[in-house]
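Should a chain be cited, it is by its letter among A, B, C and D, assigned in written order, with residues numbered from 1 in that chain.
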Amino acid sequence: MPVDVDAAVISNTRLSDDYSVLALAAPAIATHALPGQFVMLKTSRGRDPLLRRPFSIFQILRHDDGSPRGVTVFNKRIGKGTSLLYDVEAGARLECLGPLGRPFDPVDPPVLAWMVAGGVGLAPFVTLAEALIARGTAVTLFYGARRAADLHCAPIFERLGVSIAVSTEDGSRGTPGLITAPLSTALSAIPASQPLRLYVCGPTPMMRAVAGVAASHGRPCDVSLEQVMGCGLGGCYSCVVPARDAGGVPHHTRSCIDGPVFDATRIVWEALVH
Amino acid sequence: MPVDVDAAVISNTRLSDDYSVLALAAPAIATHALPGQFVMLKTSRGRDPLLRRPFSIFQILRHDDGSPRGVTVFNKRIGKGTSLLYDVEAGARLECLGPLGRPFDPVDPPVLAWMVAGGVGLAPFVTLAEALIARGTAVTLFYGARRAADLHCAPIFERLGVSIAVSTEDGSRGTPGLITAPLSTALSAIPASQPLRLYVCGPTPMMRAVAGVAASHGRPCDVSLEQVMGCGLGGCYSCVVPARDAGGVPHHTRSCIDGPVFDATRIVWEALVH
Amino acid sequence: MDLSVAIGSLRIPNPLIAASGCFGYGVEYADSVDLSSLGGVAVKGLFLAPREGHVPPRIVETPSGMLNAIGLQGIGVHRFIDEKLPELRERKATVFVNICGTTIDEYVELARILSDADGVHAIELNISCPNIKEGGITFGCSLPGTHNVVSAVRRATRLPVIPKLTPNVTDVASFARAAEEAGADAISLVNTFLAMAIDVETRRPKLTNIVGGLSGPAIRPIAVRMVYECRQAVKLPIIGMGGIATAEDVLEFMIAGATAVQVGTASFVDPFIWTKLLDGIRAYMRRHRIETLSDLTGTLDTTARHKAWISS
Amino acid sequence: MDLSVAIGSLRIPNPLIAASGCFGYGVEYADSVDLSSLGGVAVKGLFLAPREGHVPPRIVETPSGMLNAIGLQGIGVHRFIDEKLPELRERKATVFVNICGTTIDEYVELARILSDADGVHAIELNISCPNIKEGGITFGCSLPGTHNVVSAVRRATRLPVIPKLTPNVTDVASFARAAEEAGADAISLVNTFLAMAIDVETRRPKLTNIVGGLSGPAIRPIAVRMVYECRQAVKLPIIGMGGIATAEDVLEFMIAGATAVQVGTASFVDPFIWTKLLDGIRAYMRRHRIETLSDLTGTLDTTARHKAWISS
């Protein structure tokens, strides 16, 4: 059951001109959050912007004694609400509703966990990596960005013991080009007998491409979709994606409560609007 | 010519639960402001609240070298916009348009200047007192409030050398009752040969009463009216008051550009909405 | 204090109804909101058959409002009765079923089917969805159309019949009168305002459907005026809505003439709005010594405080 | 870059016109805004005779909008010509005079008087003021009324005639057609939406006039839709307005079909908005390599990007 917390901003760390990490005091949300879940944040106190905005839970914050203190979100400035959040200062208060949505399902050893992130799609993977590593599962992160300056937070993953492969479209770091290339290479190098699951979050074309690569290698693949969301609770039907039901028939299904995490084979990619 | 300054909040000093003094960095406005003029302040950066709010210029702030630094406003929290201003912190920015409106006309010695203020109507009188005292005019402030706790800023006037008479409705300080009583008494005690001008700002019923007292003593009286204002520049006709033109014919006249300061005898008090 | 109000023969514990299309089928909220504590739940608009609705993007935010073009995606009346109604019944929700059809016969058949279902308390006739052609808007924009569909449904069911009016007309009060004459038990208004938004960088509409319906605080002043106009035109109970976000807004609609209200868009922003609204209403009743909330309906005082002092 | 646009025979340097009733008679702003740099100034609605307007309060703020019930206070056409027009002429303003009457004869007489005055560039026929009974709204809400008043004025003047349409109708495009058939040179829309607000503590209307007109960003999505509908119905140039506050908003109206725009409420909030809007428009033209701004009018691309992948 989600709760709504009038959360104090603990800090807002600007990583670049458009990325920041916003830390919110929200113990009631931190206590129950699972990897891949999200919060709906009110970006101002007035009625403009009116609606909340969805954000993956990036990190769980804890007090020294380990008790839950709050959550962070990894914010990319792309419009009105995310700009307001980028500019927020410590001490302000933001209404924060969560945790929401269907989480990732972390695999256990000997299954390998490969996380594939594009840009701000990195957000759900810190908590997923923690959950995987806590189970003893080996984790690799494939992380693609436009340029080296957009590759944020790699140290967090390194500290957790995650292996990292990086690509940039402009070739300024790691493999030049899209992340699908090094991913395909790596998948080809793994014996089919080695069980493995892919977890993907990023721009829709990237997720679609990765889902294709996964399918061609016969690997299970979970994707976390990003749709415009009015409510986050199943009330408005704004966030639908074309997905196949158990019988294989495609339907518009609500990504806020049926997702945001979906088995990639359920998604009718050619019909998914981005 | 008014200017629009994206003014930094220098400080916001809370005087009580509902009064604060907001200091704004706006040298271009401070340079030209005259006593009784006002500014239009945007109380938030979004579109809700949409319109600016009018505020008298309370004080002119100066740098150590005497050069103009900005203005303060004396803010009373009564609704949405004034609550936002009460809560504003130093460092924020507010759009501030001014100086606007017809100012007070300060008298010269030997004419006495009696300022009559009710509640937040104190706001225009610091700058007026300064202008009067700079001319050598003797200044008295009659200051009425609901209770002692609502009598703010008397020390500012004392430091300027203004004589102060105070009344409170609950009798907790000064003369009990309305300010019109001590004012009438004082007016009766002054010989008719002593020239004197009244300057009044406060709730409409109080200004009307004082205008009546002034008329019955045959004293000139300027009032600063407070109407809801959409633009502050004569564009919208929202701020009209019933006033007599030179021929004695009553008309709706715009208090933002024809006022806010009016000769009390021009106002058709029985028709003035409050 | 008595917060209950009567919509025709139906008495509900308080005037707050979750607006159709803004609260799913109610069951989505069953764990976070006590459905029995609401005045009612107006479920998402239902056709006879399931519908997939419009291609996303389906919503876009606007100043103090939002556009939607969901296109009445829904599971159809039969699956609703089988899959959702039992839980609503169990949770003791007062259920307003919002129905949509392309023909009068479809409305009549929906009403018949729902009359036989256990746990349906009222039928809201959606003749006002602005963003699909088949959603009854042709009935909602024509006086005879409104009259005919309401009287046909009226004859087909014992449940209270509540046509939901569109604000996209010149004279909403005439539609209220048509509904009254046709035997409606109440009217609800307003549905959304037909509107659009354009992405200037691509020069394309922001909604795939091109146009959508405007809702939220932005429209409240127009909706209040329409409720006030209808109050003067008909005796029927009015369920008012459009931009309600605070207890003060609820009271504003009631004073203008509403017996009950619906809250839509604001419940997206705050899903726990219901207890806040009830608390605010109770505080107002205490402050104004109002024992019976329904006494407030239609109490707007329009005797002018100030006479024009000059011939205008 | 060419920002000029043509309203019939009248070419104006850019599409930004100060909206009637929101810019006084223009002269109030002459010291702070270079009037000749605007596309035009639509002066406050004028009757033949002076009017005192409604008793205050005349405005009230609403979410992202405001209500006004000024009641067309004004100095009358003769004093306008004697006292204001000379300064407007001197400042090289392009002057749109907004006229209001109770009868067709009054409109005709106003048009005749203004045709003889030096410095009037166009006549905007206000048949849409929502908050007075005599402000022509009876013409504006009736198709024959609109047709008759437009054609009568058309015959009475050589100046461009621009009826201003009300949004408070079911089908605004039919009014655009009526205006076109009657010989209008352009149409302007929207005037304000009839609306109201109530003080719940006193249970009185917040405006002395009870109802008022809603303007500001809140109404923009409805206004854009109406401009788009009219664009498809008529060939006339359209002057679009309603909630414009940014350069993006100007462009949105133009893409929807407006040749020029008016800005009202937003200029209350920012009297220096004009240069900001022009700068934003120029930046957009550079970014999109647009040489001639008027090429943008009506370029909305409604070819669906996404086909429905499932029958709905």
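Note that in this section a contact is a pair of C-beta atoms (placed from the backbone, for glycine too) under 8 Å apart; a residue touches a chain by one contact, two chains touch by 3 or more.
All values reported here derive from a predicted model rather than from experimental measurement.
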Taking each chain's centre as the mean of its CA atoms, which one is most distant from chain D? A
Approximately how many whole Å separate the CA-defined centres of chain B and chain D? 36
Computed distance of Cα centres, chain D from chain C, in Å: 32
Would you mind pulling out the distance in Å between where the CA atoms of chain A average out and where those of chain B do? 55
Which chain B residues reach two or more other chains? 47-49, 251-252, 273
What residues in chain D touch two or more of the other chains? 52-53, 55, 63-65, 208, 216-217, 305-306, 309-310
When you draw the chains as points and link the ones that touch, which shape shows up: line, ring, star, complete, or other? complete
Per the touch rule, the chain A residues reaching chain C in their complex are 1-2, 4, 42, 47-52, 95, 97, 227-228, 230-231, 233-241, 251-252, 257, 273
If you look only at chain C, which of its residues touch chain D in the complex? 51-55, 62-65, 67, 71, 141, 168-170, 193-198, 200, 202-205, 208, 210-211, 214, 216-222, 224-225, 228, 243, 248, 251-252, 255-256, 284, 299-302, 304-312
Taking the touch rule as given, give the residues of chain B at its contact with chain A in the complex, in rising order. 44, 46-49
Of all residues in chain D, which touch chain B in the complex? 21-24, 28-29, 31-32, 44, 52-53, 55-61, 63-66, 68, 70, 73, 208, 216-217, 245, 265, 267-272
Sort out for me which residues of chain B touch chain C in the complex. 47-48, 242, 250-252, 268, 270-271, 273
